[in-house]
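Each structure below is given as structure tokens.
Paired with subunit B in one complex and with subunit C in the other, subunit A is shared by the two complexes that follow.
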Partner chain A sequence: MTVTDDNTNAVPTPDNNLNDNKPVGYGRMLRKEDPRFVRGLGQYCDDVELPGMLHLAILRSPMAHARIVNIDKSAAEAHPKVKAVITGADLAEQGLAWMPTLSNDVQAVLATDKVRFQHQEVAFVVAEDRYSARDALELIDVEYEYIKPVVDVRKAMDPESAIIRDDLEGKEDNYCFKWETGDKEATEAVFANADVTVKEEVVYPRVHPAPMETCGCVADVDRVSGKLTLWSTTQAPHAHRTVYALVSGLPEHKIRVIAPDIGGGFGNKVPIYPGYVCAIVASLVIGKPVKWMEDRTENLVSTGFARDYVMQGEIAATKDGKIQAIRTHVLADHGAFNGTAAPLKYPAGFFGVFTGSYDIDAAYCDMDAVYTNKAPGGVAYACSFRITEAVYLVERIVDCLAYELDMDPAELRLKNFIQPEQFPYESKTGWVYDSGDYEPAMRKAMDMIGYDDLRAEQAEKRAKGELMGIGISFFTEAVGAGPRKDMDILGLGMADGCELRIHPTGKAVVRLSVKTQGQGHETTFAQIIAEELGIAPDDIDVVHGDTDNTPFGLGTYGSRSTPVSGAAAALVARKIREKAHIISSGMLEASVADIEWVKGSFQVKGDPEKSVTIQDVAMRAHGAGDLPQGIEGGLDASVCYNPDNLTYPFGAYICVVDVDPGTAEVKVRRFVAVDDCGTQINPMIIEGQVHGGLTDGVGMALMEMISFDEEGNCLNSTLMDYLIPTAMEVPDWETGHTVTPSPHHPIGAKGIGESATVGSPPAVVNAVVDALKPYGIRHADMPLTPSRVWEAMQGNHTPPI
Partner chain B sequence: MQVPAPFEYERATSVDHAIELLNRLGSEARIIAGGHSLLPMMKLRMAAPEYIIDINDLSAELQYINISDNEIRIGALTRHQQLLESDELAAALPIFRDAEKVIADPVVRNKGTLGGSLCQADPSEDLSAVCDALDASCVIKGLDGERMVSMHDFHRGPYETAVADGEMLTEVRIPLRPNSSSAYHKVERRAGDWAVASAGAAVTMDGDVIADGRVGLCAVGPNLTNIEPISEALRGQAPSEELYARVGQIAADNSSPNTDTRGTAAYKTHLAKELTIRSLRKAVARATGTDTGAVA
Partner chain C sequence: MQVTMTINGEEVSREVEPRTLLVHFLRDHVGLTGTHWGCDTSNCGTCVVWIDEEPVKSCTHLAAMAGGHAVRTVEGLEVDGELDPVQEGFIQCHGLQCGFCTPGMMMTARALLDRNPDPDEATIREAISGQICRCTGYSTIIRSIQWAASKERETAVELAGASNEGASA
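Now for the complex of A and B:
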């Protein structure tokens, strides 16, 4: 089923955005969490103040690769306000110098033998205030012995490159892992016989999630009970707690992880960082609460980066534009430690969906992942586990094909879509797309932007020497990890719990395992419960981000909250409704079969006068008097939802840019985004997610990149050097949608949190490259800064790494 | 949160008091105006002055835009925002509004000052190029009284000015001439970013010819003040696209930018030319009353 019309009846206008509705269920409504945020009353980690709390600061390496010869901490220890100075050697005595990463590699908490990236953690100071802690760092004297760093990913495997991970036994090269997917021979055969093949190197540079709030924590070990309470910037509080238990030996019930309000995550707050471990150790050792908050530079230079893929893209097609095969070799830069956050069996995340939205005959990818002397990471930065890279590759290479065939890129895509009747569709790399209907989304985007008129305008402009480009991207994501038979992180299955309790007066509290970082869970989840039970969202408290008070689950990233926990919320509400149904039969003195559910109340069929509300039932469930045979009192339930499959949201994006021929500045003039995330819970929140992601995409396409000099020094250590787009760089977003529900999800919803970040960079890049067509340009890599665009116009395009 | 190293704080009650403090506290003392250059450097611990002398209370003495027939005097503590908003200034010297629209962001502009910008002397700082194009002079005050230096003499190199220990900048003076106008063009990677390169031009017309013209460049090399060959090339010439192109080429030839994350040296050199051409074209159009208001 595809519904292209708005499923809410009214359409927002400039005068009334319809957001302030009060639906009992799905629809536009203002976010329940916003009143505290817009008043500046959010409670973030750094707002946690405890009596006697101390402050921790981390000394970082100035060099990218060096042996630690000696550390003299005596001057720092003599500082009157310093309580402790801890080095890697100190941690090693406790067996705590190394910790596991989310990819089963290990990472140094504090360097012991050598430093492996610039700004790696070397020592920490705990002091009475954060100024003194920071001052004392300058009193620590570290002697380093320089080792030539491995900076160029293309040379990481050269025999003359220094071996970075000599901590790993028997390690004699800088290989991190090799991975492949698809059918090599079948793909070769198709390429050998194809009319047209196109090859292009496509680089997705290293970028940073750069959330507004940096990472940090407050660790408080109770000296009597030994219980650790950790307020921390984490997108996955339960997973973190279990990992802390496994690593530190603290029993799991003696660890409580609280994720208070989080000022943006984007994957940056999925990993466990050395700073968290240092704070825990410090509180254990000193017996006082210890706060560690990164500064902006530390966040940019040391925490999980994203992307950093050099992709050789190849596409094979018939001369009339039927795509037959896609092949790629990827060189992946994982930095000094493999900190990728992805399900364990998927070292390249879900990159396997690089076949995109097209029905093709064969596909193959092989990947070499390597270590370099750069910060570790490879986080799911709003990328649905590397789908960003995959979508960028396929959408860029399809445009290269259109260029070679001299075919309209919209027409080429329309010609190759997976057709609606082919769903569920198994791709050539083994991904089972749950549902999709691509052409209506594509047509809608083309209608909204006025595609034919724009092409006519472009032709006129080109005749006058003006540069205008139109870029298309059509993406399919795989989100909502995931089925526990295939997916786990460090052995923890990716199913989510959910608990719902209806109070006697019919108000409710729902407890989630996932954690909002701005996505609006407190609203969306109340709406899901409201839709199922007819209780108003304002009457439903949403509790999340506290391991002592919520059920187990793997957290919020990879657009998994609605696909996994959203399903759990709907199912737990249905469980309650079933019980309420039985209780209502006692109250109405009718058989269950004769009672029907009309949102919010149970009615005797054919006699609507005889009815009880869900609130009446709640009071009865907790009240006096008999309940139907075999029914316990109370009205609460819990579930653990294990998804059958991922969900596959998709979208059609079209971008229009103008390029100044004299200065090569790119102006994004228009952007239409038509998204299909299945059933929409709150269209306003969806639009918000899309707006944010599109802005992010413009940032990556035009300005963002973490780069290094030849000594491995990070060149983007402040927001003056790592540019994030502002309202000035983006147009008024034009959004639309189609609705193709997920067949296996209880409410048909898919994820939306990352769609726009995934889908928009290729649209912007394709538009810029299209604008430069008069220069004979088929490809140019991000970031398309004025300088890089100008160099491309001079015929001097160089990859960014 | 980034935190600076320890420092002592003094609040000046008058310009004389500030100068007295500067002399008493010695070379480890720094004036703080808007703080938008100094504080980031302190937080990054690239600067660690022992004393900070706050001059923000001195608006009566240092915060003004005074326009007379033949001169504009601007106090050192005048904020970017005032330079942006003053209609009188925009009418006399439109280059200021052109530049201020693309300097930093509203938060920085609300506090950052003309004096701080010039004294910071960052090679990518826009107002030096503006003041250079306008042939401005700087008034520097010390225990021995005031002295006046041209922009050319004011800038000693990147982050270095003629303001000596114990002195401060109090005022910028800009000559006003009839039949004149000015314009500024900047390329940045993003709103609020420092210039990849920028150029400002000021021209005085004498009938159909340019009697006098100057160009100020920013971010394309150190010490790019008072490029004489440009003024020579413009003097007495009728404005034309060929003239602009020739002068643009002189600007490019005098540039010596570095390749960095903002752009390649070749691109910045190209911009020196391109933006010089655009600024001259605009300044002449304004001076001759033929400006259409078009952007480029």
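Now for the complex of A and C:
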């Protein structure tokens, strides 16, 4: 059942008591992590300072594709403050020149044979301080032999294109992989008989998550024990530990990965980067702690990018607007190495949800993924494993259909939604949507923004030659990877552990396998435990980001923390509660069946005077008195949660833009986002997650893009040319929600971390295209910068590749 | 070269290379890691500190240029165990998530409120427009600054009331 309520936009002031909720469970609660951050006392990777610590800097290739002929490092080695200069050849001697990626490809740690993208890692220097390390890079002389780079993804498979991955035995083309889903014949049959078919090429350009903190680490190998401690900007400390063990040959119990405070991740901190491996090698070789921190350019040009899909979208419908089938061919640019992090069976991530929120008869997708001479990556920027691309495709072509049918895009969507009674709904590409109730969310967004009035205003403005656009996007995500029978990364099942200890005085410590990068886990996970056990969140310590002190699990990305780890937290608390229930029966001298749980205490049914609190039970569990037969002392538990299914959050987004007819500048006037992530744990944090994602969406739709010239030079290598929205480019966000719990999740919660990043780009683009309707424009590709919008208005719009 | 400045009211002196950036001076030489570094090009503003009450981007400011001046960093916002209303506002209004841009944002906010105790939304947006936050989408940062402004105005009224009472008594 869907519950709606309208209080999400309440703003706290010193005069109201919005923040005094102090919930023992779910509700608005201020964050436990904030007191350290507002004092400047967060501890991020670059804040780690160890005695005798050295600094590492990486020499990168100036060319996108070239054979390495010679490297002369003698001048760098002679620098008085330099401790070591290491090249790919040096690493190759140790068998460390290549490492596995999280998608079963390999990537060069340092180039040995040739460089395959501009700014690829070629050598590193370790020196006494940051500045000397960078100085010494200038002293390394590398001789390159030019090879024509493959830059245009459309030409990657041309026979005359150079073979990029000649390191792979027998590789004679630039194919990365081919993939398909859905029913090709059934889809063809529907298209052949449809009243209306619409085809549009939709490009989702390469973008970059660019978290405010770049990537880096401090590696410290203990000379005596041989144990490596690695402070690292990682969203997945446990998965990284296992990969380091596999790469380096260090036994896994001799590796401790600590993810300290992380200054934003957005998927950028999921992959393992060469710099981490270099720092580990350096510390092993030199016997001192070694710090590596990227600069901003290194972050933008070499670490995990996002998107880069060229999608041929096709949609078939009846003439009155019933959508029957969706078909797409995708050309995916994976860069020089397949550096995505996707479950093994899902090389295209969860792109298969491109059928969107609509009940259709058939669907089919085939994908060609190719190598090019560009930086590796692919799954990043809050993309929910490629759902961002899928949602953009379907929401864009649905608008193209509305254009062709001359139908209102809201009406078209309302006419095609999967209906509430159809859930659980199996899509034509095999995804089982757990729960949904789409129309109330859509109606609510339309009410909040005043849809009919806006259309009336638009008509008036058009009559005066003004350009105003209203864009709608309705998305369904599949998040919380995932069921281990289907999903693993490098053979590691995507389950997550959780451990909970209740101390004798009734305080608690909970240990998570996931790692916050700003999402507020220290608060929400305390709230989950509080809801289950009646212990106040302030009395619960949340430990995370340290592999020696937390249970194994695959980490935080793909909006998986609440769907997977959140479930583990609820279940481990319930396990404790069951044991506490039995202990309480001894304390209350009543049978277990006669005792009921009333949040925070066990009461004898019908006699509320006879009760014990969870704190009383904790003391008894650790105390000297007798416990019921067969019950061990202590009050600890652990679980490993293997989800039955993904969770399917959804939302309705409406964006209003004004386009200046003289300059083609787009101004986002309003944006309403109605999200449904099932049960809400902390509405304040949910609102924050949504706001951030909406801003990403405006960035991608209007400003952000990583582009290359014909020689493979990256053209957006600083924040002067990779444009990220500031407070001037975004409106005051308006949010609302509905609540449709997940039926299989223990607390009914779904993921929310990426919903807005997924859902907002099509809303913004649809609004701009709608504004340009008087020009006869049906589609224009991101980023809709003034120059690109201007070109569209002149009839010269070109794809951004 | 020897560089001497006042940081958060205390005199600090260090021998550094002339090219040392102020952000590295604060972080690596003085150990004040609350000021962050994010871009090198003056675009992101995570490194904003004050020099003589003027917010500057310390990644494009040499430490030597701050010699002889008074520098204030995020560590200097809390006075005698009392959080600045700006810090309190950021907590109350969820003005931060990962916390990385927060010190710079708060230094700019403090400078704004010192000049304009009642800024409207557009003024606040402009004031923080040289800084980037990837997490919050800015609305809650604006609410945080408004919260602080409101709190300070109330405190000012209370103080005025108290001093009036004192005068009449």
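The rule we apply is simple: the second predicted complex is superposed on the first by the 786 of 801 C-alpha atoms of A that agree within 3 Å, B and C clash if a C-alpha of one lies under 4 Å from a C-alpha of the other, contacts with A are read in each partner's own complex, and residues count from 1 in each chain.
One rule holds in what follows: contacts are C-beta pairs under 8 Å (C-beta built on N, C-alpha and C of every residue); 3 or more make two chains touch, one makes a residue touch a chain.
Keep in mind that this is a model prediction, so the values were computed, not measured.
Contacts of A:Asp660 after superposition on the shared chain: subunit B is touched, whereas subunit C is not. Contacts of A:Ile540 after superposition: neither subunit B nor subunit C is touched.
When the shared chain is aligned, no partner comes close enough to touch A:Leu331: not subunit B, not subunit C.
In the superposition on chain A, A:Trp733 makes contact with subunit C only, not with subunit B. After overlaying the two complexes on the shared chain, residue contacts for A:Ala259 are found with neither subunit B nor subunit C.
Looking at the shared chain after the overlay, A:Thr785 reaches subunit B, while subunit C stays out of its contact range. Once the two structures are superposed, subunit B and subunit C can be ranked by residues of subunit A touched, with C on top.
By the touch criterion defined above, A:Leu54 reaches neither subunit B nor subunit C. In the superposed model, A:Thr718 lies in contact with both subunit B and subunit C.
Using the contact criterion defined above for the overlaid structures, shared-chain residue A:Ala410 touches neither subunit B nor subunit C, since it reaches no partner.
Common to the subunit B-facing and subunit C-facing surfaces of subunit A are residues 46, 130-131, 295-297, 718, 720, 726, 728. Within the complex, the subunit B residues that touch subunit A are 1-3, 5-6, 40, 44-45, 105, 187, 189-194, 196, 261-264, 266-268, 270-271, 274-275, 278, 296. Taken in their complex, subunit A has these residues touching subunit C: 11-15, 19, 30-31, 33-44, 46-47, 49, 129-131, 209-214, 261-266, 295-297, 517-520, 684-685, 687-688, 691-696, 718-720, 724, 726-728, 730, 732-733.
Listed in rising order, the residues of subunit C touching subunit A in the complex are 17, 19-20, 24, 27-28, 31-41, 43-44, 46, 73-75, 77-78, 83, 87-88, 90-94, 96-103, 106, 121, 124-126, 128-143, 146-147, 150-151, 154. Against subunit B, in their complex, subunit A makes its touches with residues 46, 130-131, 134-135, 138, 293, 295-297, 660, 662-665, 702-703, 705, 707, 715-716, 718, 720-721, 723, 725-726, 728-729, 785-787, 790-791, 794, 796.
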